[in-house]
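The structures come next, written out as structure tokens.
The following pair of complexes shares a single chain, subunit A, combined with subunit B in the former and subunit C in the latter.
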Partner chain A sequence: MTSLENGINAFVEQIDTPIASFFNSCVHCGMCADACLFYTETGDPKYTPIHKLEPMRRVWKRNFTFWGKLAAMLGLSKPVTDAELEEWEPLIYDSCTLCGRCSMVCPVGNDITYMIRKAREGMVAAGHAPDGLKGATVRAVEIGSPMGVTWKTVQAQIKHAEQDTGLTIPVDVENAEYMVLMSSMEVVNFPEYMGAIARIFDQAGVSWTLCSDAIEATNSGIQIGSSDIAAQLVQRIVDGAEKLKVKTVISPECGHAYTAIRWEGANLIGRPYSFKVLHILEVLDELREQGRLQTEGMETAKLTFHDPCQLVRRGGVVEEPRRLLNMVASNFVEMPDAGVWNWCCGGGGGVSANERADELRLKVFSRKKAQLDAVGVETLVTACSNCRIMLEDGAEANNMDLQIVGMAETIAAHLPTKTSTTATEESSS
Partner chain B sequence: MKKQVTLGEQLRQRGISRRTFLKLCAVATSAMALPPAMIPRVAAALDKAVRPSVIWLSFQECTGCTESLTRSHAPTLESLIFDSISLDYHHTLQAASGTAAEAARDKAIKDFYGKYLLIVDGSIPTKDDGVYSTIAGRTNIDMLKEAADGAVAVVAVGTCASFGGIPYANPNPTGAVPVSELVTDKPIINVSGCPPIPVVITGVLAHYLTFGEIPALDSFGRPLAFFGESIHDRCYRRPFYDQGKFAKSFDDEGARSGWCLFELGCKGPTTHNACATKKWNGGVSFPIESGHPCIGCSEPNFWDGGGFYKALSTTTRPLANWTGAAVVTGAAVGAAAGVAAKRKRSAAKRAHHTVTADELKKKEEA
Partner chain C sequence: MTAEALLAWARGPGMQIALAVFFLGITVRIVEMLLIGRAPDLAAPRKSGVAAGWRTVFHRSLPTPGMLKRSPLVFVGGYIFHLGFLIVLVLSVPHIELFHGVWGIRWPGLPRSLIDLAAILSIGAMVALLVHRLVDPVRRFLSRSGDYFAWTVTFLPLITGYFATHHMLLPYTQMLAVHILSIELLLIVLPFTKLIHTFTLFLSRWYNGAIAGRKGVAS
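Our next item is the complex of A and B:
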């Protein structure tokens, strides 16, 4: 059973050398506050990123420092209580999207985001995770998707996509070059993704497949902070990919799924993969570079790109979307702070799965709104379904007239039409 | 008042040839660090110099400064110049005593008011109205102020007069102060040293006689010509310092080999004086050449500097032994702390509670 004791034990377990040195190095400068949209948009000092780690810091001090141990021995310091963990729960889960901006500004190089990710391990073991995330996690483990999407639902989408595109969606094909993962969000809310991928890959002539055992790319274990569950979810993908013997697994338009499968996954399961992991943006840019991605026509509407945090800051995918957009858009403008300094939409890191945080995430959307207002675009392109949902919520709440689309479908809309290709082939033959 | 006799006349009367005089001028010129081209000018100036009246006041002192001057070998320039100035009052050297001596001083002050040079050795006690040192029933403060009023400039000879010296050292029971604290309206030349080098004293006087003005001074009011460089920079043992060869005790191989005395407390690096170049006892040697570290006697507060035999700063060589031990100890403590931390984490890992979907569900339902 989850308990305070298990939670404290998990904190101790998670305090590795980097975390110990980070706590030791903090100079209390407060620069992380100004990097966090939960602080800038509310002005409440409790949202200072490093402050969100106070319970973990106290566990570190009591267990790993000379003075802390001495104080604990002499009864001069109080251990972290269950009530304190409860008080910190909203700080760790509701007001942190793991966006990574604080880690970027820390003058002593503390990776605060990594620390919060680790602190969540203790919180979930102590039973202090938000109900919304718990539910999503349970569904991910038991049904296979945080939104409760089953293979049956996916099959229905496959059928629609095949009808729309006139192409066959390959399923469980062995030795394909790419295995495509999806997020539940794409299955339920943005079915256009599957069709877009099918058309792009068809045009580029790449072999790909879906895997009926491993379609879901998102990882609620990462968001709630349970490595046990996260490893279990990653293992499904690894098993599926290895069964089909694919060369590359493609993370869909989702931020944390990319972090989970690309950066944390191998560490979670404790061994290297037998395949490569790329984000769909990286794959598209590779195809573009190889000349296999051809487009025609240009979007003339003024548009901008919202960088998903996990892609730019944790993943380093910065130039790829810009190169792709420049292929299909003639009036592409950048928001202030675009790229590695982009501001989070406010719904990442499990915040959008946590109903308790709804009011707060819509409040802090003011930062994104200010960024968008500065450029005044008609279309907003992004590459994360979770960002996309949050941006839609935010735009609606603020009465913003904005069309929000995904990158893959934007590219797919400018593929040379099948008929014209065929006509050319026929005329030339 | 007798006719003013020039220095040149005086010397010729004493049988000093022109050739000898010029040689002496050359020595004086080089002592003042002036270019050789200046020798004729020095000679001309000294030849024509009218014997200026000099009043020498001795206060809280040990007479070492006077001794330094008188023990120098004749006929050096210093003794000649002293024969050639009108030393109207010097209570150690003068023949007169009692009322007659005091009368000589009063007369010189009156006759040469605004023209005489005042030389002071010794510090001045100020505590309890200055009762700790009196001459003919008058305190040093009183006497200094009266004599300084009519002086063209004041030469503070010795570290006591320049910076307070030994009487000024902690706890300074007499409230001793240097001349510069009591005389603020006259040019003061500090010729520090305990005692100062004779040629430095006479060199300053020669400069004044030659140019009629005081020489260029450093921030402590000392003539730059003599105090511009440190003992260390001009020390003949400097190459050993650069090679890291130090005497560790007064009877070790290093001491016998004449290595650097830095580790035995030599204050040469922080002391500005001409000892290493002008030397002592008619150019025979200077303290370091005799195997003793410089004690820094020409610097302010040299007596309270923390021990004559204590090195200015610890060198890296003895530190290396300590560093080795400290690194080993630190590494051992660090490794022990690391092992303890690792053990703690391993224990925590063994006690790991696996979070399952089931228990999240239970909690959610609860």
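Our next item is the complex of A and C:
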């Protein structure tokens, strides 16, 4: 079978009733373009979300509609070609972060993001995925991390965190309440995350553990659109969680990891989990509600929050960060369009792993810049390490004077010092 | 064929053929869609998707924040066209008489002057949307022959209905025959063009809302 045939078969396999309904419903009104930062920031109509699905639409028409089948039989329509898929590769991968905005505006209700996610299955099967993402996926399978982070690196990180905090980082502890996952970016770029979690959990008296077999939460298989690989990566986490018999698995400060493990995972492995999955923001907010998360002092600098798309529009985590920030910040302001209408950092959905997309990504950062300029803050808090790197990159490229921090460390910086020891005593007694 | 004979054919066999194709076409298109199926969602839901599904079916008719500003013409034009079309279709007295003949039920209609106004507004909105489709870069880029065809077959019943009631262009009987034939054309092509969105949009909105609702996501 040629790779083109593989690709077409994968498209056919992905097309379900919702997708057929979406293609049938599209009236070419163009409103989805106005929701997509790749169109609004470039003005190029080819970035209209529904246009990114043209090859898939043609496969649908030819294989699933009465006239399409008839036309194909009579030789009246041309099948999708390899050259066309090649042409669409940058549209499906470089200019879509799976941010979900288009799905919220389409007047006929098309979930275009759902379609693009599925279209990637066809693209990768046809051999048309960006090299950067291919590399990340190979590393995720072979090494266990898209960035090639090994358990050894994590161990070094654990050691640092233990030295910094004076606490023990639990590893492979059975029957803990929470199993903490991380993203490679946190291990490599934001080591403060591990220490922050250790300190918060220590103060709140939470039993938790890392799992040496399953540390990586991100899933390159989903970003590239390969369900087989995605399932394999999810399975590692499921095996780890089941081996350690934990109650809840915590998705780290990462948006796509949350979508992967919280919403796609069970479908990928074909069975429901035996444990719960929560985003770290949900856990922190639960602790806050139970009164187990105590803080002291307030950030007085003017700060704002960048909502990661996968949390706010694809994940359902919206109010948690706001309640948490209000605990520790006295001058928290919202950007225009904050919350469910927030604009993407430009690097989600695998775009950040795809160097070919760098130039376009930085160009469309103008949307984020405009949002930030409108509030004029000194500090930007977010809850996704991928967003954070993209924001740092964009801020640097635009000479913006901005401190960009993660939510967990922002909270950890305000833990009361005294109660911390009491909590440790309580939890160890 | 005389105008009377044409009118009689359009009212009788013509309409029957058109309705048969319409209902059969819609059924085939919907069934072929539903038969594809859909995998169950195994992720533990935050909420049931059903309520959000229904909510989105209705709520998506309202403009989303910010979007009204970004594409005002599409929104305003779209509303006026759809509402005008609907008003003329179900609230003009001759149409009500027709429905009464078929179903035996009757409802109050609007005075002719208001129907005229709705028709004119609807026609105007359609023309504006067409011009926008031709000049706006995104709309022009997205549009294919099917879009212009769908526009034409939707426009014809509106304009011929207006001409007929105002005795314009052709003698009344002839124009009425043309009007009915244009409706039959619309009925026949609806299932096989993008005009099928009239039906599928409810399903699409429901899926969108239900998928989002299970995750506790706005839609």
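Going forward, the second predicted complex is superposed on the first by the 415 of 429 C-alpha atoms of A that agree within 3 Å, B and C clash if a C-alpha of one lies under 4 Å from a C-alpha of the other, contacts with A are read in each partner's own complex, and residues count from 1 in each chain.
We adopt the following convention: a contact is a pair of C-beta atoms (placed from the backbone, for glycine too) under 8 Å apart; a residue touches a chain by one contact, two chains touch by 3 or more.
Bear in mind the structure is a predicted one, so any value in this text is a computation, not a measurement.
K.L.:
Scan A:Asp16 for contacts with subunit B and subunit C and give back first, second, both or neither.
P.N.:
Both: A:Asp16 reaches subunit B and subunit C.
K.L.:
Which partner, subunit B or subunit C, is in contact with more residues of subunit A?
P.N.:
When the residues of subunit A touched by each partner are counted, C comes out ahead.
K.L.:
Looking at the overlay, does A:Ser183 come into contact with subunit B only (first), subunit C only (second), both, or neither?
P.N.:
So A:Ser183 meets neither subunit B nor subunit C here.
K.L.:
Between subunit B (first) and subunit C (second), which does A:Phe64 come into contact with in this model arrangement: first, second, both, or neither?
P.N.:
After superposing on A, A:Phe64 lies in contact with both subunit B and subunit C.
K.L.:
Counting only touches as set out at the top, which of subunit B and subunit C does A:Ser226 meet: first, second, both, neither?
P.N.:
The answer is first: A:Ser226 touches subunit B but not subunit C.
K.L.:
When the two structures are overlaid on chain A, which partner does A:Glu142 contact: first (subunit B), second (subunit C), both, or neither?
P.N.:
first
K.L.:
Taking the superposition on A as described, I'd like to know which of subunit B and subunit C A:Tyr273 touches: first, second, both or neither.
P.N.:
second
K.L.:
Once the two structures are fitted together, what part of subunit A is touched by subunit B and by subunit C alike?
P.N.:
15-16, 20, 64, 66
K.L.:
Considering only the defined contacts, which subunit A positions touch subunit B in the complex?
P.N.:
1-3, 6, 9-10, 12-13, 15-16, 20, 63-64, 66, 124-125, 127, 129, 131, 134-135, 137-138, 140-142, 224, 226, 228-229
K.L.:
What residues of subunit C sit close enough to touch subunit A in their complex?
P.N.:
The contact residues of subunit C facing subunit A are 28-29, 32-34, 36-39, 41-44, 46, 56-57, 60-61, 64-67, 70-71, 74, 78, 136-144, 147, 192, 194, 196-197, 200-201, 203-209, 211-212, 215-219.
K.L.:
Which residues, counting only subunit A, touch subunit C once they are in their complex?
P.N.:
Those in contact with subunit C are residues 15-18, 20-22, 24-31, 33-35, 39, 43, 45-46, 48, 50-51, 64-67, 103-111, 114, 262-267, 270-273, 276-277, 313-316, 318, 337, 340-341.
K.L.:
Which of the residues in subunit B come into contact with subunit A in the complex?
P.N.:
337, 341, 344-345, 348-349, 351-357, 359-364
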